[in-house]
Amino acid sequence: MSKKVRTMKTTISNEQLTSAISAVRDRNPLIHNITNYVVMNNSANALLAIGASPVMAHWKDEMEEMTSIAGALVINIGTLDDQWIEGMIIAGMAASRRGTPIVLDPVGAGATSQRTATALKIINLCHPTIIRGNASEIMALVNAEIKSKGVDSIASSNDALDAAKILAKKSGAVVVISGETDYITNGNETHTVDGGSPIMTSVTGMGCTATALVGAFTAVVEDPMVAATAAMAVMSLAGERAALIAKGNGSMQLHFLDELYNLRAETL
Amino acid sequence: MSKKVRTMKTTISNEQLTSAISAVRDRNPLIHNITNYVVMNNSANALLAIGASPVMAHWKDEMEEMTSIAGALVINIGTLDDQWIEGMIIAGMAASRRGTPIVLDPVGAGATSQRTATALKIINLCHPTIIRGNASEIMALVNAEIKSKGVDSIASSNDALDAAKILAKKSGAVVVISGETDYITNGNETHTVDGGSPIMTSVTGMGCTATALVGAFTAVVEDPMVAATAAMAVMSLAGERAALIAKGNGSMQLHFLDELYNLRAETL
Amino acid sequence: MSKKVRTMKTTISNEQLTSAISAVRDRNPLIHNITNYVVMNNSANALLAIGASPVMAHWKDEMEEMTSIAGALVINIGTLDDQWIEGMIIAGMAASRRGTPIVLDPVGAGATSQRTATALKIINLCHPTIIRGNASEIMALVNAEIKSKGVDSIASSNDALDAAKILAKKSGAVVVISGETDYITNGNETHTVDGGSPIMTSVTGMGCTATALVGAFTAVVEDPMVAATAAMAVMSLAGERAALIAKGNGSMQLHFLDELYNLRAETL
């Protein structure tokens, strides 16, 4: 196995990054996740690894109450159906009313028209603070003609930057495109994160893990541009370290969690 | 990483423990789990590791038939909705009528009033043999004013012992509070298990794994006090051994399964 | 731990096997999985490891569109309910109309009469290209009197060969029985694969992983007999290699993915 890793570089300051990491570990925010079946275990473990407290819940009857005790709400449309969409919208509208930050992951937008439409509906009704997707997904939210190959991107993150800026301005959300370079934009300013390793694309749900971590950081860092960039930087750091010792995508998934668990502001 | 582990100590005899472990391995009981999405893979692997045969099924149409072939039924309310509650109650009432042992995990009781209410409804309708939760969850089942932080406990297991005794007497179930010390009580007698490692709380679903193992032991050990205590002792033993070599919560989850797989009565 | 492994032997040629492996890696087919909650993460990672692109989706509203972009459809009935059955049948009929290959895993057929009936209904309505199950499951599809112990087989693969041939002739599907020896039959011809390790039966969802890989191979290899045999051979090869270094079922699950990730036609 080749050990292709890229050293993490980001446009936020080291102090912004370390203080964000410390804030998550010190404040241990409760993150309410309505996410897909594939990644639930890994997203929960990633949130625990970084010092947050995950809860996975989607039942419409408990959405208002669960959201009311959470520091952030993460909505991920990876394995949708009518009942889950109902829970997502109830939770999202409740969080929006309370001012609780919402992070949306439009998994597979562009793969089917129903996914694109559902993501746009959630954006319109719930006003997410941050939207994180891959290039194809972000482009599909701006131009319904753009297609995804299932949940994988068929464009590079750079191709999607213009679409991300348009989406950010239209929706009021910070938009994150993840890829070889991650772009984090509010339409005017843009942060970047470089780093990670190509093997991360062979581990299912790495993008969903990124979204969950964005949730943890946005619960404790006021500026969503900084919160999202810090989360993506942490993904790159843990990914880079894990890739150095991984022997395949199985051990990559495990080492990634271990590296996240051991990532502390003091050791950066 | 600090390797904080505590050596397992329990109030059941070594012979009770080893004969319980051998009974699971020899009789390979079928355990019917209606459990949450986050932990299904790990709970199934933990049951296989200890020598039981897991089946995960929740469809109301097959509940009576599936429960009829099982040695125990495990109900875990971690990711609830209406349809799942219906399946849980049909299966629980069927198991109760047949005298098949039922283990209930009231995940997140106290986090939302709907979870507390659902757990109490299952207790009232299905008469579980054993209820296993963390301190906050057990306290919430006795006093609806008690709150949980999502699925994590905000009280110590010792704080909950009085509540556990009340719940045991009221429900007729053996009540297990897991924590730094585990308490297993029928309201009159109380067993304890000490051991494990703090890193176990950073692995999602360790409590759910404990509940699944309680299911395996109660399928083959007549006395639910002994069955539940043996299961918690096994959790501590595997946790202690795994924590000595874990490098983070990712490898902890894996080593825990491996240690469980290698745990045999002969090697205690 | 004993390191019982068997060296892989199969009745397809080495060239058929290596060209099938290369075809998956080169063409990176999109595999649409409607599968059970227990195995989703591992099935997705196994598909990524072998070079395919997995998407997990079950929502009836997007089934036609998702199936239309997929190279194969995998239907696995491991954790059924009414809503999922509806999605499976819509997707399966759409795939059948388009000529997209369908692989069916009748998990737990024989454990409950509803599972057997659901598997037969899918066979009748969707005409799967390949059906893969363990011995009990395949026998239950032919003789409703045959019982399974949950999702585990209580017969050997050899016992089920006659039933597999009958099922193949009746349904028009290639039928795969996995076990110590795997049989792949169209009713007239039969291929075999020997190999793997007994520890594979202690990892949950290994059969489901096999079914997912059969999906990947059938998307790119025209002859379903060769596609299914190649997939089972790959399972054996990765299982044999992983078992040599596994320390329990936890590490077996991980090493299996790593070995799959590193399996390339050039290194056989």
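Note that the chains take the letters A, B and C in the order they are written out, and that residue 1 is the start of every chain.
The rule is simple: a residue touches a chain if its C-beta (ideal position, glycine included) is under 8 Å from a C-beta of that chain, and two chains touch if they have at least 3 such contacts.
Note that the coordinates shown come from a computational prediction; the quantities given were computed from them, not determined experimentally.
**Student:** In graph terms, nodes being chains and edges touches, is this line, ring, star, complete or other?
**Tutor:** Looks like everything touches everything, fully connected.
**Student:** Call it same or different for subunit A and subunit B: same when shared residue numbers make up over half of all numbers used at their interface.
**Tutor:** different
**Student:** Per the centroid of Cα atoms for each chain, what is the distance between subunit A and subunit B, given in Å?
**Tutor:** Distance between chain centres, rounded to whole Å: 32 Å.
**Student:** Multi-chain contacts in subunit B: which residues touch at least two other chains?
**Tutor:** Within subunit B, the residues that touch at least two other chains are 37, 41, 83, 253-254.
**Student:** Under the stated contact criterion, what part of subunit B meets subunit C in this complex?
**Tutor:** 30, 32, 37, 40-41, 44-45, 48-49, 53-62, 65-66, 69-70, 83, 87, 253-262
**Student:** In their complex, what parts of subunit B are in touch with subunit A?
**Tutor:** Residues 1, 36-39, 41-42, 78-83, 108, 111-115, 147, 149-152, 202-205, 247-251, 253-254 of subunit B touch subunit A in their complex.
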